[in-house]
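I've put the structures underneath this note.
In the two complexes below, subunit A is the common chain; its partner is subunit B in one and subunit C in the other.
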Partner chain A sequence: MSEATIIKDAICSFCGCLCDDIIVEVEGGKVQRARHACPLGSSKIMGHGRIESPMIRKDGELVESSFQEAYDRSAQILLQANKPLMYGWASTSCEAAEKGILLAEEVGAVIDSTATVCHGPSVIGIEEKGLPGATLGQVKNRADTIIFWGCNPAEAHPRHFRRYSSNSIGRFTPQGREGRKIIVVDVRATRTSRNADKFVRIDPGCDYEVISALRMLVAGKGDILPERVGGVLKADLAELAAMLKAARFGALFFGLGLTHSRGRYKNIDNALSLVAELNQHTKFVVLPMRGHYNVGGIGQTLAWSSGYPMSVDFTRGMPYFNPGETAACDLLARKDTDAALIIAADAASNFPRATAEALANIPVIQIDPYENPTTLLSDVVIPCAIAGVEVEGTAYRMDGLALRLRKMVDSSLPSDEEILMGILQSVRKQRQMMANEGA
Partner chain B sequence: MIIRGGIVYDPSNGIFGEEMDLFIDRGKMVEEARGEEIDASGLLVMPGGVDAHAHIAGKKVNTGRIMRPDDSRLGTEPRNGVCRPSTGYTVPNCYAMGYRYARMGYTTAFEAATPILEARHTHEELQEIPIIDKGALTLFGNNWQVMECVRDKDLSKLAAYVAWGLRSARGYGVKIVNPGGGESWGFGTNVKSVNDPVPNFDVTPAEIIRGLAQANELLHLPHSIHLHFNNLGKPGNYTTAIETLDLLKDIKPSRMRQVVHVAHMQFSAYGGTGWRDFESKAPVIADYFNSHNHATMDMGQLLFGSATTMTADAPLEYGNARLTHNKWSNHDIELEESSGVVPMIYSRKMLVNAVQWAVGLELALLVDDPWKVLMTTDHPNGSPFVNYPEVVTLLMSKPKRDAEMASMHEQLQKRTGLGEIQRELDWADIAIMTRAAPARILGLPDKGHLGPGADADITIYNLKPEELDTSQDHSLVKKAISTAMYTIKGGVVVSKDGKILCTPPGRAFWVDAAVPQADTDRLMPDLQEKFAKYYSIQLSNYAVQDAYLPHANVIRAGLSIEPLQEVA
Partner chain C sequence: MITGRTLAQGAECENKMSPGFFRAVALCHISETDFKSLELTEGRNVLLKNECGQVVLAAKADSGLPENIVFLPMGPWANVLVGRETGGCGTPHFKGVKVEVAATDLPVSDIRELFTNMRR
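The block that comes next holds the complex of A and B.
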């Protein structure tokens, strides 16, 4: 096994770009090198500190256990809870998500993804207005005008520029960056704005007003605008609107700066409306910059299984969806959940403080390859093989394209799928025992 | 298993309402068998329903679900010991699709439009749909490689690409949607006729359609090309329909079937110069089908109420969104297609919608040969598939049609001749249009009939055809065919009186067509260049892996093998 093997066209399972041109060198059962990957992806593929054994909290301390003991304890927690929350799913495969949805149905849980703290408002915006989008290759081949709004791909999606957007070269974009106009809208200068032909710096929390102003300018109603909107001079906005209308093919990429600033889903609703209206003048598409590599996939999987892409409540036996009521943070803020299973996400680090505190006060099951702040408040910790490195599976790129993740190296640990099935089997067994005792 | 005493309609085998016993062994129809008996005395028995055109899986269906939580709230059913939960009306979740088809007596359904690049997603959803057998048609009409082969008049390379594309997509047949229009939409325009050149590619829609039809026949594919016309949905588009059909009349079919199947003909049989003088041209289209034998169609019937329009015809969806001011999703697929989704409500008081409703019925009633017309609603574009019983009863009952028309816009009688049509279809016609003909048109020899060797997919309806007057008692008919008394799939009772008893996984059909290695060798450099320069993924990550078809049924076709057994 010590002979070096090369895996070509491997898929990086770090961010929503899902770069699929990685050349991985494996030797001695370990990844030695991940060529073409960015530093973020490379660090994921190369691996770092892992949880080595399942653990169950006893008398306040996490104590090593067998996998079966961990499954049984997890099943017990889920069965004893009235309204368990199963949260995360952004960094595992759709196959694992399918097993998770089945488990959520059987125990009557609420299932939610990390979208709730990133692009959840985008989903609600799409429910209002629809999503006029495209695959990333369409942008690469055609876009001559690209806006990055409230996102910083230079640091968060490092290969986005070269592979898909500003600097990519395609059939109708042979000059690459030279032939394109790049616009960045943000509240501060970033490494992304340094790449811009036009940087529009807006006042924090004023995205909605600025988009509205652009819509008026695009519709030829700029004369009633005030001289300054959201900290931007009207003349600047007029120039920007003219650039958008002059595009042959325009693309708007947006990030958390738009979804999680004041206005939230209304910002997205407004941005989607702007793009739809620009199509009366030219061709324009819009794409959310999804963060975790498969946060799109859990949304797709939930949608085809339950009809809804996030925040699905199975406690009534049938899917129920009402963001504001059934999202993870809503439940925790109201203390309306009495147990949680956190998988492939770090809730403790990313949730608002009050909700993270609520999490600390209920039994928590963690399934993750890595120790993180969520581990500290977990009652059961189950380490898994890493999807996309140690396990095959499906992931959806930020544009909704499904790709099959490759397995690069072996792992002695079970996959997320196997763990979830282990818990589900234990749930079924304990239910059967309870039924027998009842009889 | 033995089914005793049913009144059997099995048109492929020349059986039209004969009382007979049916025998099943190991999932197939046989001459003689033993075992469990089902008493079907006097009841209507048909092969399991086959839906040759519905949008049931893939990116645009899921986009419909995601943008329409309002729709997912309809039709909700909790999970039980057998079934996963159901949601949705026009865009049901995967489980509801399987259960609802099965309850209605359908056992096979084909997804109508999948881009190769996104076929993996389609198969993820198809494998989640329980019970029914399925397949997916693959989109080729706006594909760069196709257009370049057509431009270069390189038919053998085109055939090699079609075979490669079907294999990559694990696809069943060649779907063409608004050829050239999807590519034009890449820069926000559309083609306006079959002779309108496609920007940047130096081909016309007419050339694309003919090229793909020739390649389809060269490959002996089980299904013909499956065509969504240019100008679909527009007033006056019946001329485009006739012009397009004329392009194909000299092409010789490689099997005993049509050369072209026209998708949802209803949306392409309109007269008028605009919405104000919009009218039915169904009689002209029906005359064409009556006097030519190279084409078949499915109705694409429109019914009133909620629908979700979804199609690879992206400029059409943009038009729908502009027209209705409704929410709009669009999805361009690099090098291959474009697509869109727009929710819709059809109203009987809206004259245009009422005319559309009439056009679908006129087509089915005016085409003499039921083997040429499939009953569909282009689910969920015209209406969701659960409303097929409404369409069937409209076709079988003139009084029902008259009653419906009386509640519609008063101008309707002037825009359609439907009110004058006396024809009422009978059970033989219905069995052909929902079973025998879709199986023959798709090229599925083991489906749509009950002869020895056929798949034991059978529907028993709680209805006595010899006692029921389908013209007068249409509401009883509708009730009976909405919920089959028994649906048998592969020899197993999957649904009884609307209750799902078990949920075996259905099989996925796809076509593997062989081509000479020399043609593939000429093709591959083109593809390698496209992936190196234009696609956003690597060639090696493109094709659908077998992991996504756990119950695959591969049908062989192609140039280098003997022609397959011809369909009955």
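The block that comes next holds the complex of A and C.
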């Protein structure tokens, strides 16, 4: 029996926390234990059922193929399309994203990330107002007042409290949870609100109004507010505004409660304005609670490559960005794309039903370690090694900190990078053949 | 209707064809008051419908929810009820969706049934 290997300080590649204190025990080429990981990270690192072979759909059925056949068919689909969509990228490395951007440029595709069904409105709001941000380390070491608005880290980012926020113990926050004021704003009580000193329940779709009321109170103009805003009594809002102004170092974490509800990017715009105004009284920072572990990384990689962080259209021979027009859901809803490559995401599950139906009506290439509903709609399925478990690479934490993912175990499957390069080489080869035939 | 993450949904979200994902996600959380007024019991199903479609889910009482709000773990069942409009910013309305909810004896579709016949 082979000896167990211990990998210390491994990084969990599940959520935007990118916890970097995981101790992984590997024996017999398999992960046996992932100490410190939460249930989400543990599920990812320990692994489960995989797609074992590339497949190409023939006569309605997915049939096993070689990798080269899958690359060639994928290249053919991309070359035959007028406006292919390349979507996903949140659960793979920045190195894979770079190769994807290169492929998108060469075939004239629209490249978009899962941010567009997640924190896309945050990206737009931040473009409008700027982000008075901080690292999670600064929050841990300094924040004495923390608001969680429209997010539920107790279930979506389970170790956020203990490692970075409410319950963390830092250099200037030695008392941890006891030394902090924790505020939760949400439309429902959650496991996160149970950890709060003050829970403010607001009416659904009223975030914008409540943020505006807080801005007025912070600015000393509360006298013209009505007695109740968004289902919250003025007295409660006044108490909340006083808590925010009394902070020595405040942090606002916001989630999809703001981006997915009425107001969308304007909610973010308003929240950023609130934080900017609080900085006239004290130090306050704001951060989005990014979901998938590298959804920030694809945004960074696209931004430094093309100038835009998501929904980048290369069909015009230059990068063009107009969410609402070039975002994946809009393209599909308008039937304005005629092929799709879905990588490191499950579009069929996560898009509205009518949008997923549009996906089902065009040729689809899937690159993913796991079978999911997108597999059921795909014409080509290419299994890959898991970035952050079987392949090393770079990922960006939710605060924009770049971290190096470690390889824990070997895989016989190619990485996302290798697959994308295989498709790109096939694209170039088929183009050359077409050029030769034309000549 | 609001949709969102849960711990169980997250733990199963890369294992979507599994029974565990079905148990974690094919659920409709309902306030305790609404749960009683709809004469539901644990194990019973509810039919949710709106102009986008209809879907059957297992009902679950949730003490954290106020009346007239249901919470669905994010995923393909909830997305049957989400419209494709993005308001010009690329992101559909996954929260604040109007739905009608009623008790039903219909069964919950498994994940393969949801996508059967979707392909061209």
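Heads up, the rule we're going with is that the second predicted complex is superposed on the first by the 438 of 439 C-alpha atoms of A that agree within 3 Å, B and C clash if a C-alpha of one lies under 4 Å from a C-alpha of the other, contacts with A are read in each partner's own complex, and residues count from 1 in each chain.
Throughout what follows, a residue touches a chain if its C-beta (ideal position, glycine included) is under 8 Å from a C-beta of that chain, and two chains touch if they have at least 3 such contacts.
Everything numeric here is computed off the predicted structure, so don't read it as measured data.
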Subunit B versus subunit C on the shared subunit A, clash or fit? fit
Contacts for A:Asp21 in the overlay, against subunit B (first) and subunit C (second): which applies, first, second, both or neither? first
Given the touch rule stated above, what does A:Arg262 touch, subunit B (first), subunit C (second), both, or neither? second
By the touch definition at the top of the document, which applies to A:Arg201: first (subunit B), second (subunit C), both, or neither? second
Looking at A:Leu136, would you say it contacts subunit B, subunit C, both, or neither? Reply first, second, both or neither. first
Degrees between the directions from subunit A toward subunit B and toward subunit C, using C-alpha centres, nearest 10: 160
Of the two partner chains, subunit B (first) and subunit C (second), which one does A:Gly438 touch, if any: first, second, both, or neither? neither
Just to be sure I read the superposition right, which of the two partners does A:Gly220 touch: subunit B = first, subunit C = second, or both, or neither? neither
Subunit B and subunit C, minimum CA distance [Å, superposed model]: 14
Can you give me the overlap between the subunit B contact set and the subunit C contact set on subunit A? none
Quick check on the complex: what are the subunit A residues that touch subunit C? 14-15, 39-40, 42-44, 48-49, 91, 112, 116-118, 120-121, 124, 152, 154-156, 158, 187-190, 193, 201, 204-205, 256-257, 259-262, 264-265, 291, 310-311, 323-324, 326-330, 332-333, 346, 348-357, 360-361, 369-373, 376-377
Note: in the complex, subunit B contacts subunit A through residues 57, 59, 61-63, 65-69, 71-73, 76-79, 84-88, 91-95, 117-118, 120-121, 124-125, 128, 185-188, 200, 318, 321-322, 327-335, 341-342, 533-538, 540-541, 545, 547
Going by the contact rule at the top, pick out the subunit A residues touching subunit B in the complex. 8-9, 11, 20-21, 94, 98, 102, 105, 123, 126-138, 140-142, 163-164, 169-172, 248-249, 276, 279-280, 282-283, 285, 299-301, 303-309, 314, 316-319, 321, 392, 394, 396, 400-404
Touching subunit A in the complex, subunit C uses residues 2-7, 10-12, 14-18, 52-53, 62-66, 69, 71, 74-76, 79-96, 111-112, 114-115, 118-120
